[in-house]
Amino acid sequence: MKLLLLWVPLVLVPLVIHNNVVLTILIFTYLLGILAVSFNLIFGFTGQLSLFHAAAFGLSAYATYLAMAHWGVPFWLGMVVGVVFVSLVSLVIGTICFRFNLRELYFAIVTLAFSELFRLVILNWNSFTNGSLGINFTLTPTLWIPGRGVVPVQGTMMWYYLSLVAVVLAVGFYSRIVHSWMGRCFASIRLNDDLADTLGINVFRYKLIAFVAANAGAAVAGSLYSFYISYIDPHYFSIDQSLAIIAMALLGGSRYVAAPIVGALVLTALPHVINVNAEARLLIYGLILILTILVMPRGIVGVLVTGLRRPSRAPQTPERPRHAA
Amino acid sequence: MKSRVSIVKAVAASLGVAALAVATGAYSQNVVKIGEIEAQTGALNTYGWMSSQGMRIAVDEINKAGGFEVAGKKYTLQLINPDTQGNPQQALIQLKTMIEEDKVKYVFGPFLTNVFKGIEGYARQHNGQFLLMGGATQIHYELGKPGNDYLVRTWNWDAGPSGFGTLMVDYLKKKGVKKVAMLMQNDAFGHVAADVYRDAFKKAGIEFQENWFEPGTKDYSAVLAKISAGSPDYLFPGYTDAVLYDIVQQATQLGLTKFWLVRGSLGPALKNKDYIDDYVAYIPKYFEEAEKSEPKVKKFVEAYKAFYKTKDFPYDQAPLCSSSCYDHVYMLVEAMKKAGTVDDVAKVKNALESFTYDGLWKIRYDQTGEEVINFDIVDVQKGGKITVTHEQPR
Amino acid sequence: MLQLVVGQLLNGVIVGTLYAIIALGVTLTFGITGIVNFALGAFMMLGAYFTWYFSDGLGIPYPLAVVLATLAIALVGLVADQVLFRFTRNNLINGLIVSIGLISVIVAIVLMVWTTTPQNMHYVLPGVFRVGGVIVPKMKAVVFGVLLLVILFTYAALTRTWAGRAAYAYAQNPEAAALMGVRTKVLQAGVAAYSAALAGLGGGLYASLYSITPEIGAGYILKGVEAAILAGIGSVMGSFAGGIIIGVAEGVGSIFLPSAYNDAYGLVFLVLILLFKPAGLFAVSSR
Amino acid sequence: MLLEIRNLTKRFGGLTAVSDLSFTLAEGDILGIFGPNGSGKTTLLNLISGVYQPTSGRLVWAGEDLIGRRPHEIAAGGIVKTFQNPQLFGELTVFENVAVAGHLRLKRRAGWRRVATLLPARHGSDDDLHERIERVLALCRLGSVRDQPAKSLSYGGEKMLGVAMALMCEPRVLLLDEPGSGLGQDEIRNLDEVLRDLRTHGTTLVVIDHRVGFLGRLADRAIVIHHGAKIAEGPPGDVLRERSVVDAYLGPGHA
């Protein structure tokens, strides 16, 4: 509850800073924050490196828009379609991966393979998805606001508060899970899944739940993000996007539910804050990744909480024996 | 451990300083800011990167000459060209920064369709407040629509009456061609091109076959073997040198020796001159020839070499974008002079559409804001014999 | 039709050996240091640039240029290992992120030095072999031969020499190998340099076949990792077979199916194989 | 009969780790397993707990066949084992380790209702779990280190935590794999007290231990395994005097 107070200043930001650019950067931070926070459920808390997250993000964006365009449903129902669709897809992919006990690198590569396959289908199914040209949205989400009735969501202010509410809900949802008995099951899988198994925890089931719940968050983020930009194309699925999500989670701190939002902020703002040429920016990005791992493996929030000193000699070393796969 | 702390502190400090820099963004009276929204890195950066090369030279030259005078006042130029990385999200933030923070009224770019679509919604909201002068073929379809007064299309690509699509098909038809196989990268521009030429070939009565490859492909031999089995007369390959060198080499190895509508450079043709039979290239300007006959072009080549401290002028790509974007900057300045204002974008746009700029190119804009430009069809034959046809669209 | 298929079978094998040489580096690094070094793709790209620069820029004969580039990349790999990867041993995710950071750094430097304009080396060996309607470019045949020799040499070195057996023992059981007197740190550094050299060699040979851009590494490392996993990470000849399987799947796949899905054929193969043999095609079951 | 093991065999490649082994276990039994190193004791526990699948033979648990069940299903059924080398969640505190092990208890008590505890309004519904954890920690003398990370414990502490976690699963049969090895004098005394405590509570135990004297006093019955096969069964005092057992431990022809 005390942590909830940390969000209050963010509510006040637009009242103090009348700068559209800063607000836009924050909107992207919140929307990508949802993506990174949800990713961290499967990555940081359950210990499975999924490379399907960007695909879940993109699939939901397409599903939402196509449901609206073809069935005429309103945005929020479209988002439900997106989330349900992504959850079903995740259920199938998760079942395949976890039933066959694909671990670590194998899991990462197979989820990457599935996300590439989806990207190729979206890219080449021209009649339905408009292929590489993408889809320009002509539809807008609407909201019911007391006193004003149903209004379209547009303008920086409305999007700011919508995305802020969404990210707070997402953090609430995931922190509820992480700090419950279910979160303990996830942690046990991350730290030692063989032990978890002998303690009666159904590793398969909880991996699957984590995977689906994480991807459902990505689906929400995808629907909102695509409607904020009003445009989707197959780049949503790109490997770069998946890597950026990992970078956000690690940079923010993968041991804390809300920390990836800090990572999202840094990576979203950085290109606009540091005014250097493209080559130097790429260089800085690379150095940030390297330094994050080597100097502050607990991320920015970890540094703020515990200082730069590593909490122990062997940070993040996997406890299961090598070559477990 | 100590040094690690200081590195992090330094990074944090620079972040803070830079954040302040963004928050201010002072507006100076005597500076006209020009923005550019282009990819400088990433897989699709070729056009964006080349354009900013040309723009930087023009801005530098104009400022070194003491700026320019509009309505009795001296102005210098400031170029703001961040890197979109081909990512619509970055581009949107960058465009917002330009328009709202830097008060930029003239923005060049983008070439990439997905970037244009990503910023289109926001740009339309600011219709009348700035000009977006982009090369994306998608812009062609948006010109002249209500609410799109902000749009100007630099470059006449394939589509439309002033584009070169129909002229190129006509050139091919004169050669008596019956069947053309396209091998195009599966990206936004590839599909725009396919849409344009599918119809053009149908009208011309030429059989047209479509094949696609993923951007990043290096070995085309499988799909080329498949194409070769259908014995087309000409191959219509992708659109950047990054793919053309590989496609041309591998195609000639399989006996496909005739190429049509090759954009980019003559590099692939000249490197393979003993293996090709015919190589019909769309070259906005055949620099190797123009350098000898046109003093302005010679001067540009020298300026380029001096500015980028290079001995080798990139004939393969530079002429395509950098020279025209170099001209675009000069032409914009000219239009501001004619309009007598640097702020009133409607007047500047009108002025831009009122004259023909005679620089490295002969450029004019038609009434919808689409650029009309002369171009060359360069036909390379076996052994490297070159014929040039100069075209001036109506 | 038969010629088309045979031609692509052959071409797939040749293209596959380029994947295989990267896969071999991936497999060796993973076995000894416990990380998957995605920067091997960037090393390969760097190897191609170095070879092009030595050969076309400095006028060094091509074979020598390839050797020099390979040695230079081995050094780059060694330095990267000592400065960066030494701190991420046996931590897959940290190693992955550091290698992605390193890729950005290398690509940024290449962009600064050689710009984004694609580079093309002179033709080292133009012309093709024609055997009954099947066409194989001469240079591709040479590249295949060289890579095959290197892979066989690596296999022999790992199974027949003391250093190789030490490395093999270490990959199976680090503690036992350390007790047997294997100098862990030297072994790890050596393997990191050797894997980088393989990638550098792959890049050097690549330069004679295709155009060079800063992005080429990305595609090859993905195919390399796919190939290594397909075979069951840790197996030398498996990497070779994995590379060829992916190469052939792509080549033959794009004859019968739309070429736009080219990258998918290898992936589908990979997923199917992992489902039936989760540890890879040639892996000895670890349980 | 609680657990019935019939002709259990496990081969790894050419090696037969457990060979045609049979015995039974009744409610409240305490069974000691003896055997030299490498005789297949640990493999036997891994077979019972589902970590390995037997090559042949049957495992019947309360009339139900256990072959093919995953370890978590077997644990849920009431058979829980500890590890010879303690397996822990090193990053988590001692308390959290035991809390993770409380999963089965929660599952038994709440069933699908435990999903409802995820809702914000139902905060704190596993309070009685906390009580239980504290009791187990106290029983295993881990109360003073409850908030330390598990990886900071001594070897003995780690082994004790392993026992605590197994107890938290509320097993009907507890399989202990050399709980006393590597422990100091004080720790052994602790452990012995805990085991005696379990005995008085009537928990069914299967214990592998080298300390013949201690196990002899604790167990009702013992079996001796050599090369994977059972070579003796009976009261602990008797079996250890059997000729074949002495040969197995000390080599034939001795004494």
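Read from first to last, the chains carry the letters A, B, C and D; within each, the first residue is number 1.
Rule of thumb we're sticking to: a contact is a pair of C-beta atoms (placed from the backbone, for glycine too) under 8 Å apart; a residue touches a chain by one contact, two chains touch by 3 or more.
Owing to the predicted nature of the structure, the values given are computational and were not obtained by experimental measurement.
Participant: Write down the chain pair with more C-beta contact pairs when A-C is set against B-C.
Facilitator: A-C
Participant: With centres defined by CA atoms only, which chain is the most remote from chain B?
Facilitator: If we average the C-alpha coordinates per chain, D ends up farthest from chain B.
Participant: Approximately how many whole Å separate the CA-defined centres of chain C and chain D?
Facilitator: Whole-Å distance between the two chain centres: 47.
Participant: Taking each chain's centre as the mean of its CA atoms, how far is chain A from chain C in angstrom?
Facilitator: 32
Participant: Between chain B and chain C, tell me the centre distance in angstrom, where each centre is the average of that chain's C-alpha atoms.
Facilitator: 35
Participant: From the C-alpha centre of chain B to that of chain D, how far is it in Å?
Facilitator: About 72 Å, centre to centre.
Participant: Could you list the positions in chain A whose residues touch two or more of the other chains?
Facilitator: Where chain A meets two or more other chains at a single residue, that happens at 123-124, 278-279, 282, 288.
Participant: Pull out every residue in chain B that's touching 2 or more other chains.
Facilitator: In chain B, residues 41, 45, 49, 186, 212 touch at least two other chains, as defined above.
Participant: By residue number and range, which residues of chain D touch two or more other chains?
Facilitator: none
Participant: Under the stated touch criterion, can you name all the chain pairs that qualify?
Facilitator: A-B, A-C, A-D, B-C
Participant: Looking at the complex, which residues from chain D come into contact with chain A?
Facilitator: Interface residues on chain D, with respect to chain A: 49, 51, 70-73, 75-76, 80-81, 83, 87-92, 96, 99-104, 106-107, 114, 117-118, 120, 126, 149, 151, 165, 169.
Participant: In the complex formed with chain B, which residues of chain A make contact?
Facilitator: Against chain B, the touching part of chain A is residues 19-22, 24-25, 28, 123-124, 126, 131-134, 136-137, 229-231, 233, 235, 266, 268-275, 277-279, 281-282, 288, 291, 295-296, 303, 308-309.
Participant: For chain A, which residues are in contact with chain D within the complex?
Facilitator: Going by the criterion above, the answer is residues 172, 176-177, 180-182, 184-185, 187-188, 191-192, 194-203, 312, 319.
Participant: Taking the complex as given, what residues does chain C use to touch chain A?
Facilitator: Per the touch definition, chain C meets chain A at residues 30, 34, 36, 84, 87-88, 90-94, 96-98, 100-109, 111-112, 174, 218, 222, 225-226, 229, 233, 258, 260-261, 263-264, 267-268, 270-271, 274-275, 278-279, 286.
Participant: Chain C touches which residues of chain A in the complex?
Facilitator: Answer in residue numbers: 49, 96, 100-102, 104-106, 109-110, 113-114, 116-117, 120, 123-124, 239, 243, 246-247, 250, 278-280, 282-283, 285-290, 292-294, 297, 316-318, 322-323, 325.
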